[in-house]
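Quick heads-up: structures coming right below.
Shared between the two complexes below is subunit A, which has subunit B as its partner in the first and subunit C in the second.
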Partner chain A sequence: MYDFDWSPIPRAIPFLWAGMKVTLQITVVAMLVGIGLGTVIAIMRLSKNRVVSALSAGYVNLFRAVPLIMVLLWFFLIVPSLIVRIFNLPRTANVQVTSAMVAFSLFQAAYYAEIIRAGIQSVKAGQIGAALALGMSYGQAMRLVVLPQAFRNMTPLLLTQTIILFQDTSLVYVSAVRDFFGAANIVGTRDGRIVELILFAGAVYFVICFVLSTLVKRWQDRLKVAA
Partner chain B sequence: MIDIRNVSKIYPNGFQALKDCSTHVDKGEVIVVCGPSGSGKSTLIKCVNALEDFQQGEIVVNGISVGAPKTDLPKLRSHVGMVFQHFELFPHMSVLENLTIAQVKVLGRKKEEAVERGLKLLDRVGLRAHAPKFPGQLSGGQQQRVAIARALAMDPICMLFDEPTSALDPEMINEVLDVMIQLAREGMTMMVVTHEMGFARKVAHRVVFMDQGLVVEDAMKEDFFGKPRSERAQAFLSKILSH
Partner chain C sequence: MDLNWHVFLEPAPSGGGATYLDWTIAGLKITVMLSMASWVIALLWGSVMGVFRTMPNRVLYGIATVYVEVFRNIPLLVQLFIWYFVMPELVPPALGNWYKQLDPVTAMFLASTLCLGFFTGARICEQVRAGIESLSKGQKAAGLALGFSLRQTYNYVLLPMAFRIIVPPLASEMVNLVKNSAVASTIGLLELAAMGRQLVDYTARAYESFTAITLLYIALNLIILGFMSWVELKARVPGFISGGGR
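Let's look at the complex of A and B:
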């Protein structure tokens, strides 16, 4: 029978917390950039211009057809050296975290874009007609009338996607980035308690994601009542 | 004010929704466009402010050609009020914001000025007390009156109504028609797609009857109701007036 020894965990809390901060940073940046970029891609996808629409469809299909871990590796192998060279940075710069953020942003944008596209299409077609009839430009109609309604409808889905993103950030352990999972891994290896640390990390991910999902679910139910 | 000359609209699938349609609305004139469903009347009125495009012919609104590539459509539309069958109020904004948003963002009016104008128009349609509410809290008739006020807030030179009462419960139709009748009596230039023949009798100057994409009849009100020339208009009238 395996003898559990949880004692390394309390001592490692500051180290693990530092890792959690990196995880949260990557998640928040990838969410914000991903939703911004995803909105642009979604609007392009709905464009009447076939070239614009095809470009957007190509982007979405490419990123959805490639495993995330490959995108990450590609970014870790190529982008950091590129960034260092372009901006003439010293090698020590926190370039790895930045490339993780870029990779997750680009990858998530493809998934967010599909949610946002569905959200835009859920807004009644007459709304854009009414906005245009008042003299708004297409951009104003989108920004002031269509997108606010679309985002309200799809907030639960966007948050659910963000919870998945939060879990996926653990994949950066393949690189030198020390996120929460990476930190747990390091502590576990160092103290010979890898099983305990991985169980602990799993429990932390579970609690955070479960609480967030429950909140999203409640919100979704409230939206249903309001609608 | 509105000149529609030989307009045809053909969809990419080959269906021709409008066939060589011509009519006009002079300043201060009220015309009612009627006809069976699928006759093209909604399509025609949407061509006037370019919410629908057309392939042949010309539409001139206040001297500006709607179909010309150089025309500043947002500017043109900001002078042409439009009321839709399904109201199309913005559900995420309060009633008052519905009335002020385009004044501020399109006409560039100051917020206070837009609010003042908005409240005045809500007063006029009898809904000032509902200003802070959201559209979803109002009845259909109230929503349509707000939609009329929203269009009027832009100080339009003419108003287009696309079946403004056909999505309403019968008991709410009159409150909307009353607002429209008052507007007509004040001299607003109006093009109204409707089956409300009572409204046509009361305030219309001319009636345009459409069927299968054609303008079948374009006559003074008295002539249209007195002695419609075409068989199709006669058949339509007898059906609609027999209720």
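Let's look at the complex of A and C:
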């Protein structure tokens, strides 16, 4: 039977926490930028202008057809040199975390956009008609009437997608970025306790995601009752 | 930036007249094989668990619920590392030793297949459950009233309907599975994504390599979606407009 030795974990807590902070940073930035950009893409998708809506559809379909790992590899290939050039940074500057944030933001935007589009479409068409009849412009109607209702309906789905994003950030493993899982892996390899560290990391992810998804589910049920 | 697509026709260092194009195809083959093998596990296991999720039996329902929650709330990458690095240490020594003596590619393929199979199975389980629950209660009652046992009711009444309804969500799970299979590159299996990185290492042609690999993934997606929409057409239940929900 395997002999467990959990002693490396308490000693490694500061190191693991530093990794968790990177994981959280990438998640939060990608969530905020992703939802912002996703909203724009969703509104473009619903535009009457064929070119605009085709551009948006192309963006969404492209990102949804490619594995996240491929997207990350692309961005770690292109973005670092681009950022260094644009901001005139020294060649040695560490822009890996920034690249990861850019990649996750653009990738998640495609997924958020589909949720937001469905949310906008779930708002009754009469609402826009009423807003326009009151003299609002299309932009005002969208911003003041449609989007607040749409976001209220789709918040649980957006949060569920964010929990998936939180799990997916572990894929920065393919780069030199050291997130929570990367840190756990390093400690495990260093101390020859890879089994314990992987199980510990899995347990931490499970507790966080399970608690959050249970809360989201409860919120969703409450919305259903209210509706 | 000038692109050089002829690089794919240059001989690769593996010898035997193989070109980089042959390497790419070898990677594609592994991705396809891995996806198919995992799909079989996912569909069979996911269906059984999905049925359990709708059973009146509390124990079976509990088992399936725990399964879904565990496999949905741990990142795929962590699950893969558990199958590949942790499981061989925790299973009975005879099995663990057998696994460690397998040739490395077989060992990586086996771990990836099990990982993707059970990960996707958790999602299929929820689709199957949703499909069964979308049927009207009268279907089950009618089956039982006709003298079918519970098993017969599932086999002859509920499941044939449920599976036809959930073809569209199953199609997107299939696409997800192919995309998720790229995670196997992290343990060293030379599937399509890993082959992309290897091509970059050997040819120093990053843009050409990644473009080719990305296009192949898109092509795989389109093939699956095309095939599944044909299945959907064949399996459509008259009178049902939409799928079983997600």
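To be clear about the criterion, the second predicted complex is superposed on the first by the 223 of 227 C-alpha atoms of A that agree within 3 Å, B and C clash if a C-alpha of one lies under 4 Å from a C-alpha of the other, contacts with A are read in each partner's own complex, and residues count from 1 in each chain.
By our rule, contacts are C-beta pairs under 8 Å (C-beta built on N, C-alpha and C of every residue); 3 or more make two chains touch, one makes a residue touch a chain.
From a predicted model like this one, the values you see are computed outputs, not experimental measurements.
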item	value
Partner chain(s) touched by A:136 [first = subunit B, second = subunit C, both, neither]	first
Partner chain in contact with A:51 - subunit B first, subunit C second, else both or neither	neither
Subunit B versus subunit C as contact partner of A:86, first or second or both or neither	neither
First, second, both or neither for A:124, with subunit B first and subunit C second	first
Chain touching more of subunit A, residue-wise (subunit B, subunit C)	C
Doubly contacted subunit A residues - partners subunit C and subunit B	none
Residues of subunit A touching subunit B in the complex	124, 126-127, 129-137, 140, 144-145, 148-149, 152
Residue ranges of subunit C in contact with subunit A within the complex	69-70, 72-79, 81-82, 85-86, 89-90, 175, 178-183, 185-186, 193, 196-197, 200, 206-207, 210, 213-214, 217-218, 221-222
Residue numbers on subunit B that touch subunit A, as the complex places them	46, 49, 51, 73-82, 84, 86, 88-92, 101-102, 105-107, 150-151, 154
Contact set on subunit A toward subunit C in their complex	2, 62, 65-70, 73-74, 77, 167-168, 170-171, 173-174, 181, 185, 194-195, 198-199, 201-202, 205-206, 209-210, 213
